[in-house]
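There are structures below to look over.
Both complexes shown next keep chain A, but they swap its partner, so chain B is in the first and chain C is in the second.
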Partner chain A sequence: MAEVDETMKRLQNQKGVQGIIIVNAEGIPIKSTLDNASTVQYAGNIHQLLMKARGIVRDIDPQNDLTFLRIRSKKNEVMIAPDKDYFLIVIQNPTE
Partner chain B sequence: MEIVYVYTKKRSEFGRQCNFSDRPAELHVDILPDPSLAANFTVRDPCNVTMQCAEEMSEHEVNTERFESESRGINHVEGGWPKDLNPEDMEATIRYRKKVEKDEHYQNTIMQIAGLMEHCSKQNNATDIYQDFFDDEVEEEVVEESEEEPSAKTINVFRDPNEVKRTATSLSWHPDGNHKLAVAYSSLEFQKAPNDMSFDSYIWDIENHNKPEMTLKPVCPLVCLEYNPKDSHILVGGSYNGQIAYWDTRKGSQPVEMSTIEHSHRDPVYKVIWLQSKTGMDIFSASTDGQVLWWDIRKLSEPTERLVLDPSKKWNLDNALGAISLEFETTMPTKFMVGTEQGLVVSCNRKAKTPAEKIVCTYSGHHGPIYALQRNPFFPKNFLTVADWTARIWSEDIKESSIMWTKYHMAHLLDGCWSPVRPSVFFTVKMDGTLDVWDILFKQNDPTLSLKVCDEALYSIRVQDNGRYLGCGSQLGTTTLLEISSGLCTLQKNEKALVSEMFERETKREKILESRHREMRLKERSRSEQSREDEAKDADGEESTEELVARAETEFFHMLEAEKTKERNEEKERDMEKGVCEEKDFQEEHETNGVVASFTRGEISL
Partner chain C sequence: MSVPHKVGTVKSKQATNVKAPVAKVVKAAGKKKDEEEATDTAEGEEWMPGKTLVKPPDQLDLTEEELNEEITRVLTANNPNAPQNVVRYGFKEGCYKPIIFVDQMAIHFELEGNLVHKESDEGRRLMAKQAEREEGTGAEKLDNVAKAGEKERKLTNQFNFNERASQTLNNPPRDISCQTEPPPRANFSATANQWEIYDFYVEELKRREKSKEKQEGQVLNKEEDKSKKKIIQAETQSDDITQLAHAAKIIERMVNQNIFDEVAQDFMYFEDAADEFRGEKGTLLPLWKLQYDKAKGLSVTALCWNPKYNDLFAVGLGSYEFTQEERGMLLFYTLKNSSYPEFIFNTTSGVMCVDIHEQLSYLVAVGLHDGCVAVYNLKKKSDQPVYNSTASSGKHRGAVMQVKWQKDDLDSNHNFISVSADGRVVSWTLVKHELVFTDIIKLPATDKVPDDLKDVIATAGTSLDFHKQKDYHFLVATEAGKIHKGSKYYSSKFLETYDAHFMTVSRVRWNPFHPNVFISCGWDWMVKIWDQTIKSPIFTFELKTSVTDVAWAPYSSTIFAAITNDGKSRDHA
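So, the complex of A and B:
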């Protein structure tokens, strides 16, 4: 438990990181550093996107699997690290 | 009330009644065929008859009905919680979350993916992978773009939602963001507005062409409408009956206040402009009744100032010129210009000491009402006027004629404006529904781009502040939103210098022509004065017209007198001769009847 918290803190202290969300396979946000409304929005939308992205990768090559997803937008970058049961979302403002 | 006229005729005047009876058919004429006529015709065998054995096709036109779409959003609510858990219940959710966090599997997974994430996050901070490395190449691309063909395409068309279509007489873009367009609708044809015509004007959101975003409901149709450049919620409109009204979009569709009828204009208000003032609440309006009135929005019961456009500077309303357009440049707050119905542009000074000095000078040269008047945003000394069949560019210093003008078109030009980003580009719209884009650096004789927007006349045009989008309103209330190619809305290098050179050159040319004309006129005048002096020396004091008239009168009377005396003498002679001989009397009587008669009389007498 403590390690998890420590890792989270380390991530949070990285330069430019705006927020971290941990979501489970059902789309429920387990832990979040953002407010509830944003968390729910991110969790819901990204869950769907992740399913789609994984589906695409597997469709093209069934042996392949999604390891990481990065969405860069004008204002920030959303990084998603998926796993079988949980996924981690980090919103960072890249160096500019 | 029914007006009935009764025609009466007496039964006795009718005449005998008709008695009808049956009778069998009678053969009146029976023309038998005449075989000898057949000799005039030849038998033709075979006969050529054209036939077509192709499939019969018919042409049909189909136009789909407008597809109405609405934007809706979805509200996300939390989901995925187990059935027995109520997501609203804070305690339950926290408990659930804590349970998950204690799970071993959770901790291992998180450690793994967090490591991955850290790697990427650090990557982001190390280098900016999306940095623009080739900035200069991008500039070259821009140069290439300017060589592409100028073009414009229609982005959206906003139709008047009412059954009875009215003309879109004026457009105004929203001052910030340019996502909204306010359009004033009215019918400018005198007394042709049907009774059920709606008075509404609309504010459209550019993205949604199905329904206007907001309706403005005035008491009388609006001829012109302007957003307040400082406060984007306030709009002022001038209506067909001469009143001014202002709206606040936050307060609803009804006008917040309207000017009183006694103090308003007596004719439709054709143009209303916001003034640059500390309060940001001053406007001035112009109308064909010859007045220009200044108002403070907060107190529309009375205008703060008025100016009568009387060219003889006597403030006589009967003599006044009707104003159709106004021009005001915020960089020159004391001067403004008015375009009149008579084709004159009147330049006025607001801060003149006496009312007579308010009108500074006039520019003549147009044959018809000046529908548009605008200073070049980069060179305020030059302004564009659009009237009758031409568009002209003037310089403030030259009052006799314009420095540049387009050729006479086939259709009336109804509105025009400069592009706010390029000093050499301006737009005009015509009565046949075409939009012309003129680039005077590129071509002076013809428009650079001529586009037929619609079949009916285009009454108004307005360019957005970024110079890329323009809206034009037509006679049937259709407002078309066009986007022009980037070449026409990006400033070229040296453009300002070239345009200013061109204007200066034309101004100089006009000045030279003007001075030449003046010289010639002076010469003529001096010559005619000379000749008049010579004449005076020759004549015997016959210079004044009165003396001439008196002389003519006396001559006339003398002639009359002479005639009268001659007649009297003749009569006297006749009387004398009457006494000599009776037969001669006859002769005299018949003198008038002709020489023959007298001859016969004479013979008989003999």
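So, the complex of A and C:
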């Protein structure tokens, strides 16, 4: 418990990180460092995308599984790490 | 008129017949009539003169010629209605054959009579029956006849006819119906992808294995169950966030990769174009700076790369202030995450040296400032070392300067060797849960020490290195400036001794490629390269300050690097 909290704090303090969201398996955000509206938006949309991406990977080979998903856009980069019951979203601005 | 009496010929004059074919009976009758008429007319003509011919109005008008024509009529016994060309299928020949003889009988009238011959069987029976009836039913006849008459009268009575009808009581009909409650319905939808099926099978397998295990170990399970229950409870309580640890780790690495993207690129592909111009001075590009807050105040005393995972390395932190007994730490960093160490271990005293096992890269041996050696297992989550040597189990009396893993011994126990400031070279074996030590050799005292104190005051060993090929040969360097070559199997004497430096030898290392060459460096500003067969060094390099460490390049047998107290590092070839 404490380990994860510490990791979250460190992540938050890293350079360029704009926000961190933890979403549970149903797509409901549990913890977030962003405001409510953005959180809900991110959580809802990314949940669908994640399901689709996972389906793609597993359809091709059922023994495979999705470990990481990165979406790089002009303004920032969204990184999604799925776990068994949760997934973690980090929004970072990679360039200085 | 004379009538020719030709049999079979009938004059058309007299013929009341039409020329069309007529039944022959009629003809025959007609002929008879004609004959009669002929006789009659013949007779009549005698007494009645001139009887005119009576012509029916619908008789055909024919000319004289036609009237005089003689037409032959033949009377046969043929049935004109009988078929004349009957054909039957003959199976013998397999074709239709005409049947010549056709039945010519024509039946005009048929009546089946009910007359039975008196003397036949049936006749006799009937006569007997009649006789019986007449005897028995003489009286009844009258009644029967009367009734028959009455019945006949009723039936035929059309005026007094009465019809009566009755109907049974009809029960009033009622409709009763019942309906069962429809079963509760719920909509169910699911997808059955290939991977969902696969997941299900994997879980099924796990369940089966668990049930097998339960069956096998039911005796011990009582104790385990209690602990399991606790674990399960703990899991259900804290299931929200702890599972994220893995994902969080990955994310952290990715975030770091983004931040230090350039550095990572440099790490892989750095090529300084200025190298061609500079000549002797090259560039050493610092890539990462790894810092840990809690390690502030501690100096890095040891470094070791992990042989299996190339990006993982161990850092031992302690203190060089030999007077102060401070705490120490053992940190593991990975290059993928340069902002935070992967593993953190706190030790009771400063770490002086670290070594990671070559094959089992999770075993780490640590030599501490207070003389203890400890072995940590990275796979276990605990903060404590797996093995620890204590005062009773033969720990060193001085700081452990170097530890080195060895190959597993004959009992396949892991073992490592340490050299310390108390002058002992000790081999430690990990036997089950204990560290067992074996003194290999004791470093001899220097000449300056008076003889009677030689056993007490020992010379401190500072460095230890094992030969790459013949791993029973090792080199020990001492504070006195001597390098001893020893063998693991000889415990009393050294094979060779080299007078290396005037001051402490800080590091001695075998050449990884050349089997006879080793290098040593000391605080007397010198770096010397030796051949083990020759007593004096082959090469000597003099650097301006005391050299603290020297190492061979892993890819070339002729390059080594040395660092000095003034903070410079030099590469020599």
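Simple rule for what comes next: the second predicted complex is superposed on the first by the 94 of 96 C-alpha atoms of A that agree within 3 Å, B and C clash if a C-alpha of one lies under 4 Å from a C-alpha of the other, contacts with A are read in each partner's own complex, and residues count from 1 in each chain.
Everything below uses one rule, namely that a contact is a pair of C-beta atoms (placed from the backbone, for glycine too) under 8 Å apart; a residue touches a chain by one contact, two chains touch by 3 or more.
On a predicted model such as this, the values are computed, not experimentally measured, just so you know.
Shared-chain residue A:L11: touches chain B and chain C both.
Of the two partner chains placed by superposition, A:V78 touches none, neither chain B nor chain C. Of the two partner chains, chain C is the only one touched by A:G55; chain B is not. Of the two partner chains placed around the shared chain by superposition, neither chain B nor chain C is touched by A:I21. When the shared chain is aligned, no partner comes close enough to touch A:I46: not chain B, not chain C. Of the two partner chains, chain C is the only one that A:Q63 touches; chain B does not reach it. Applying the stated contact rule after C-alpha superposition, one finds that A:I91 touches neither chain B nor chain C. Applying the stated touch rule to the two superposed structures, the overlap between the chain B and chain C interfaces on chain A comprises residues 1, 3-4, 7-8, 10-11, 14-17, 22, 24, 30-31, 67-68, 70, 77, 79, 81-88, 90, 92, 94. Residues of chain C that touch chain A in their complex: 193-195, 197-199, 238-252, 254-256, 258-259, 261, 339-340.
Every residue of chain A that touches chain B in the complex is listed here, in rising order: 1, 3-4, 7-8, 10-11, 14-17, 22, 24, 26-28, 30-31, 40-41, 44-45, 67-68, 70, 72, 77, 79, 81-88, 90, 92, 94-96. Across the interface of their complex, chain A is touched by residues 76-81, 96-97, 100-102, 105-107, 109-118, 120-122, 124-125, 127-128, 130 of chain B. Looking at the complex, you find that chain A touches chain C at residues 1, 3-5, 7-8, 10-11, 14-17, 22, 24, 30-31, 55, 58-59, 62-63, 67-68, 70, 77, 79, 81-88, 90, 92, 94.
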